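Note that the chains are named A, B, C, D and E in the order they appear, and that numbering of residues resets to 1 at the start of each chain.
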Amino acid sequence: LGGDESDLGDEIIIGCPTALSGAFAPYGEAERDGGQLAAEHLEEEFDISIEIVPGDTAADPNEAVDQIEGMVVDEGAHVAYGGVSSAVGLAVGNWGTENQVPVCVHGGSDDITGAQCSSYMFSTYMSNTMQVAPTAPAMADLEDNWYLLYSDYTWGDTAQEAYTEALEAEGANIVGKEAVPFPTQEYNPYLNSAEDSGADGIALLVAGLDQRASTSQILNREMQDDYSFMMHQTEDVGLWGIDSEAASILDVNSQGWSPALDVPEEWLEELAEFSDHDPFVRHFFGYASVDQLVRASIRADSVEGEAIRDELSGHEVENETIYDLQPTEETIYWREDDHQLIQPTYVTSGRAVSDQQNDPYNVWFDVDHTMEDEEASPEPSDACEL
Amino acid sequence: MATATLERFTLGSRSTAARALLVLTIALLLVTLAVRPRLFVQNLIGGIAYGMVLALIALGLALILGLLGVVNFAHGGLFMLGAYGAYEVVALQALPFWAALVIVPVAVGLLGVAMEVSVLRRLYGENPIIGLLATFGIFVMIEEAARARWGGTPLTFGVPPVLRGSVPIGFGQIATLRLVTVLIASLIIVGTYLLMYRTDFGLTIRAGLQDREMAEFIGIDIPTRFTIVFFLGAAMAGLAGVLRGAEVGMDLTIGFEYVLLAFVIVIVGGVGSIFGSVVSGLLIGIGVFVGPTVVRALGTVTGIEALNVSGIGSVVPYIIMLVVLLVRPRGLFGEEGLLE
Amino acid sequence: MTLLAIDGLEAGYETGQVLFDVDLEIAEGEIVSLLGRNGAGKTTTMRSIVGADMPHVSAGTITFREQNLLERRSHEIAELGLSYVPEARRCFPRLTVTENIHVAATAVNDPLPESDMFEVFPELDEIRDRQAKNLSGGQQQMVAIARALVANPDLMLLDEPCEGLAPMIVRQVESAIQRINDERDVTVLMVEQNVAAAMAIADRHYILEEGHLVDEVTTERLRADDELRQAYLGV
Amino acid sequence: MSDTDMIQPEDDPSEAALGASGLTRTFGGFVAVDRVDIAVREGELRSIIGPNGAGKTTLFNILTNALSPSAGEVYYDGTEITDVPQHERPHMGLVRSFQSNQLFEEQTTLENVRIVAQTIEQGSFSFDLFRRGQRVAEETAYEILDRVGLAPLAEEEATNLSHGDQRRLSIAMALATDPSVLLLDEPTSGMGPTETEETAAMIESIQSEFDLTLLLIEHDMSIVLSMSDRITVLNRGEVLATGTPDEIQENAQVQDAYLGGMRDEL
Amino acid sequence: MSYSSHIERVYGIVNAETVRSLRVPIGLVLVALLIRPFLGLTIGSAHIATTILIWMLFAASFNLLFGYVGLLSFGHAIFLGTGVYVTAIGISEFDLPFSLLTILGIAIASALAYVIGRITVHYGEIYFAMLTLAFAMGVHFIVDSNPYGLTGGSDGLRSGTTPDWITSFRGERIVDIGWFADLLSLIGLEPSYYWFVALVFVVTMILLWQVVRSPFGRTLVAIRDNEDLARAMGISANRYKVWAFTLSGAFSAVAGALLMISNYGAAVANFGPETSANVLLMTIFGGANFFFGPLIGALSWFGIREFLQSLDVLQLPIVGAVEVGAILSYWQFFFGLAFVLVILVSPRNGLWGFIRSDGRDVIAAVRRWGR
């Protein structure tokens, strides 16, 4: 595309293809809102104009491709972020790569940064492996015998493999595991199997609405006192209709971010005000993605895809805004090999119902452990050629 | 009636395929019982309870399909509205759950009446596919309306303390709420059966389905009766929604998910047979619970790794449907000539 | 006393008007037949009387015992004491013979005992538990008449009750109609293609031609006048 | 008096143009057709009469394999065809019409017949995507319509035809299969006297023109008695008698069971 | 009147109006040519034109079964999905040429359809629908379980799925095939992927039209009208149904192959029940009784969606500007409503039937007025 080097004079347009309808809509809305808040902050800081163009993918990857294409072709979007599910993330990320549009995607699958790593795809979320790293030792500390229930799709399957390996390395026993069709409303047969296995702890590597179905059925069967429970990639449980009582039974959780962190109070309140949803991990990713994309564009002094990508790849985050939200002593950076944002990951536990904060926004979990830097995120299994 | 019934019940035993299938199933179950006795029994009990829940969800559909000949896809939407309605009553209006148990089915039933009067009334006697399509459209509308009112976020509401927790039975526990659901389902099933096959009301409705105009010629007020049946069917969907919503909460996807399942149940049971839907609900409930255990047990016994396929629970209903229809093309207790 | 009076009836379908200014009067206790070629409008007349959705009545009145039938829906008309045996019988196919009769009995206030029907049609007794769809045409015709009769009507409308029946059965049906008329005092209006059958039981005949009522004759005159028969009915 | 006295000995069914031996059909315990033997000679017009519910239509259904027999064999042109599927029989020359009008309603009169004619030319299944035989079939169809007097209505949609024309069309469709044995189920039902006569005349003329063997179910005794070569009387599924019209009319049992109520004159 | 005079009467007019007999191919070409500018003018966004053309093809294939034989398949996603996955796997894993893979996809889809058809066509309508759904769920399950690592499970296949003769930049896709570029430059067009799809669309749809109007297709309609009669007249109804199902599957696979490129890969949703449901909605909405009905249906489905979603403020005559963005984000509600209305008014004629008969009324009115 010769000649027409648009510099940053006018406007940077950011597409946000994400789930705005269907069960995943709250996640999408949070990503959108987080991004919009970041845009406001950036506009103030740099005196530029930023437009965010949201679009509904309904969590369908094909629809997502249609959306991002429309954003770029019709609205002139320069970069994009969003996704919600891994399948959608991969779809928009690969679309971006083929069309030279940098995209920050939010999905937990290792494929996003692993086997498929594409040169314009950047992963703001922690991959499964990153979340397993601090969580598995905590689980092994808690109980010796674990039973794994995992959602039967790529995300659940890779999580299951990662946990099995990590738990065994930590010296815990896997006394059984079972794949649960995704989605499922009926967890009783699987809970029967778990009970039958003689485990002390039950790991719920289940996604979406299944988090609600499983915990509510655990409560209905009054299993909470007899077992420890672990949940993988716990996001805002409230959004799945999990009530506070169910949250309180979750003893070990992997989480990418939590409002219980030592985060500036005014940021949380501003966000709670700004968005329909209480602050949770998706807000942070939306915020971080937009923040990083815009700063890269400013550094490159260009809205051209290639320039922004080059700026972002391997970049060490310097601005305080990110460190305020992800408090750490280590450097946060975009690893050059796989475009993963290297940042801390957390292990949390559900607070007792009486200790849960509900006002001005929900805080139902405590952060128990943090794992940072390379320790949490070993080299990508398949080296990428980016 | 006597000869027809007789024929229906004996058909299965005549076919060797059916017999072989039965023997195979029993053998598999015995193997499982031997390998995992405790789990097997637990799942059997759980499966029966779940089956009753499924039967309750499917019953309204079976009623409207069997009696009015309408393939009511909107059943899923009404079911979903039952769940959201309970949320509205309990969580937003702060009324007791017991009130929801009465108000919501009535409200959903009335919505059903509105549907019947405005749309379906015009489609009786048409090809059932057309009713299916019209109600599909209504289903889409209901889903979107629910999204507008309650948003996309999945929701739950609290139930009274007496319904929380569980009751010990035999080998394990069963959630109190589910036990209550099973009881209510049983009552409704018996009531429906009596209404339809033991009363003149039921007889006039069946006559109306077969030849609507003629039924009016002999003095039956068919429109009113059809509306009543539709009310009952819709109210049953609403009730099932309330109970299911209380147990596992609600979101916008449950409508589609359960209406497909309910269809499978009705088809397996045989269109036109209330009793068939109940049997098939149980069959599928048990299948979903016990199926994976059976496959695993088989894997253990034979040592074949390939049998450790995971997550087959979701396709079990479809496998059951396929097998049943291949052996008995009209479902377990289906009447000949209906919807063909 | 006049039981049913039709005055200036005009009716038709979307495709066009079928009946033009039809007047007709039936006294209590009579058997009257409505004759005419195929497509003359006989069935259309019958259906107008019983309040079917089709045809549309555009003008005229239909009075039964001082009640204006045009203002009523079919099921109300049935309750007034008017039974209809339609063309092609229309038994409820998946109800048994017993149920077919029972369902008609439940629909009205003062039905006849259902068991009486098996006396009127002993042939039905041995097939009482068979579904109507599995009956032969003649058997179905008997069920249809029994179904109409059990409602204890004052007026019975029969549309070609003998179509497709064996001569033996035709005779039976005829005598059944006559008996019903004699013993139970039921007034009858019947449509017939078969002039002989009509003459065998009816007292008077209305003749329809292309939707116009062209004549009203007694059985004696019709029997005697070959030219009249030839002209109107082709026999 | 035994039944067999009344039955005129039939030929060997396995040698007949259309034959059946020991044909039986039960419906859940009820015997609708009971050990029927029949042997229709080539070129014969055989009528089947009997009270309603005697099993006439059921017999037709079995002969064309719309229903399968519970016992017995069906023969056609000297070979056994009991198990030959329904849709293959027209290709062998064995065709039936229905008791009630059955048509391809949304298509034109010509198209109704053309589809049949083309099916017969190309077989019970043909993957003809290129309109190879269409012209020829259309020509055949048109000739047949002409013969039954429907040519002027060739472009009319079948639903719009009058009842009588529809019956004629269904006969035309049967003829389009180029049959050698034709089974007609109450071809004049629902027709007035004039039309009935016309139809009877048409049946006679097509029989000679197409060299047909005819099997006819009919309640109109004037037609049956004047047209038939032989008549078979069914009663409660069994053959009560077979014979020429005169023989049948004189037969006391037939009188009792069937003709008893017949009026000879107005 | 003799046959020849009849022929003259019927064909005479047609000969005089050759255009009339060719109106379907001409219509197809017009559709392919005009959709893009039409969308650009009406809803301001032409980028979904490719998607619409592909769904038109899919809906038309579906309608071969529903409209012409009267069989309602609830599992048609199987065949679309087969086209999508065969090409996606073939390109990303085995580096095979797209054309070969399309043929392979057609072959596999046809084989699947044939087998499923053999099992299911004997069943009554609702049963048939449910059985096809069952097969679709089964296939969905298998694809989702990522057998031999081929299908990518729930993540689908996303990288390396674009054939190397396509280059993309910021949403513009150029087809890099010599003859194709030459052909298009003759009529002064860019060799974009849209025109590639348009070409395949027109060719495939003409084939489909040929099927429909052939004796084979007419026989299908006869079976739909009266199956008992068809059997009695020597038509092997079940074989016809099986083959109609097979053909429908084959055409659907073509749509699938095109869709794979347009979607940049494969997703399990291609096999999902929603895909089957959507094609059904579109077809009926457009009008199952007409060849062009499904095309209109697909156009309205996407058109209504894009249009309503893009609308924020509505200028009404009296009320003035109304904020409708919030309400219209529930566009499916309105589509559902329109759908129900269409079903109530004329279930088999749909929107296209409406347009046609209304169009006729208008023409007739103009004529009357002219006199």
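Convention: a residue touches a chain if its C-beta (ideal position, glycine included) is under 8 Å from a C-beta of that chain, and two chains touch if they have at least 3 such contacts.
Chain by chain, the UniProt names read as follows: B, E = Branched-chain amino acid ABC transporter permease; C = ABC transporter ATP-binding protein; D = Probable branched-chain amino acid transport ATP-binding protein LivG.
Every value quoted in this text rests on a predicted model; they were computed, and no experiment measured them.
Q: Could you tell me which chains make contact with chain A and chain B both?
A: E
Q: Please give the intersection of the contact partners of chain A with those of chain E.
A: Output, common partners of chain A and chain E: B.
Q: For chain B versus chain E, what separation do you get between their C-alpha means, in angstrom?
A: 33
Q: Need the CA-centroid distance for the pair chain C / chain E, whole Å please.
A: Centre separation, chain C to chain E: 52 Å.
Q: Any idea how many Å lie between the Cα centroids of chain B and chain D?
A: 47
Q: I'd like the Å distance between the centres of chain A and chain D, where a centre is the mean of that chain's Cα atoms.
A: Taking the mean C-alpha position of each chain, the two centres sit 75 Å apart.
Q: Which residues belonging to chain C are in contact with no fewer than two other chains?
A: Within chain C, the residues that touch at least two other chains are 130.
Q: By the touch rule stated above, which residues of chain B touch at least two different other chains?
A: In chain B, the residues touching two or more other chains are 3-4, 147, 310-312, 314-315.
Q: Check each residue of chain D and list the ones that touch at least two other chains.
A: 27, 30
Q: Give every residue of chain D touching chain E within the complex, in rising order.
A: On the chain D side, the touching residues are 64, 66, 85-91, 95-96, 98, 102-107, 111, 115-116, 118-120, 122, 124-134, 137-139, 142-143, 146, 151-152, 154-155, 173-174, 176-177.
Q: Mind pulling up the chain E residues that touch chain B in the complex?
A: 72, 119, 122-127, 129-131, 133-135, 137-138, 141, 145, 273, 277, 280-281, 284, 330, 332-333, 335-337, 339-340, 343-344, 347
Q: Considering only the defined contacts, which chain B positions touch chain E in the complex?
A: It is residues 71, 119, 122-123, 126-130, 132-134, 136-141, 143-145, 147-148, 256, 260, 263-264, 267, 271, 309-312, 314-315, 318-319, 321-322, 325-326, 329-330, 339-340 of chain B that touch chain E.
Q: Which part of chain C faces chain B closely enough to touch in the complex?
A: That would be residues 50, 52-53, 73-75, 78-79, 83-84, 86, 90, 92-96, 99-100, 102-104, 106-108, 129-131, 133, 147-148, 151 of chain C.
Q: Mind pulling up the chain B residues that touch chain A in the complex?
A: Where chain B meets chain A, its residues are 36, 38-39, 42-43, 46-47, 50, 147, 151-156, 158, 164-166, 172-178, 247-254, 257, 288-290, 292-293, 310-315.
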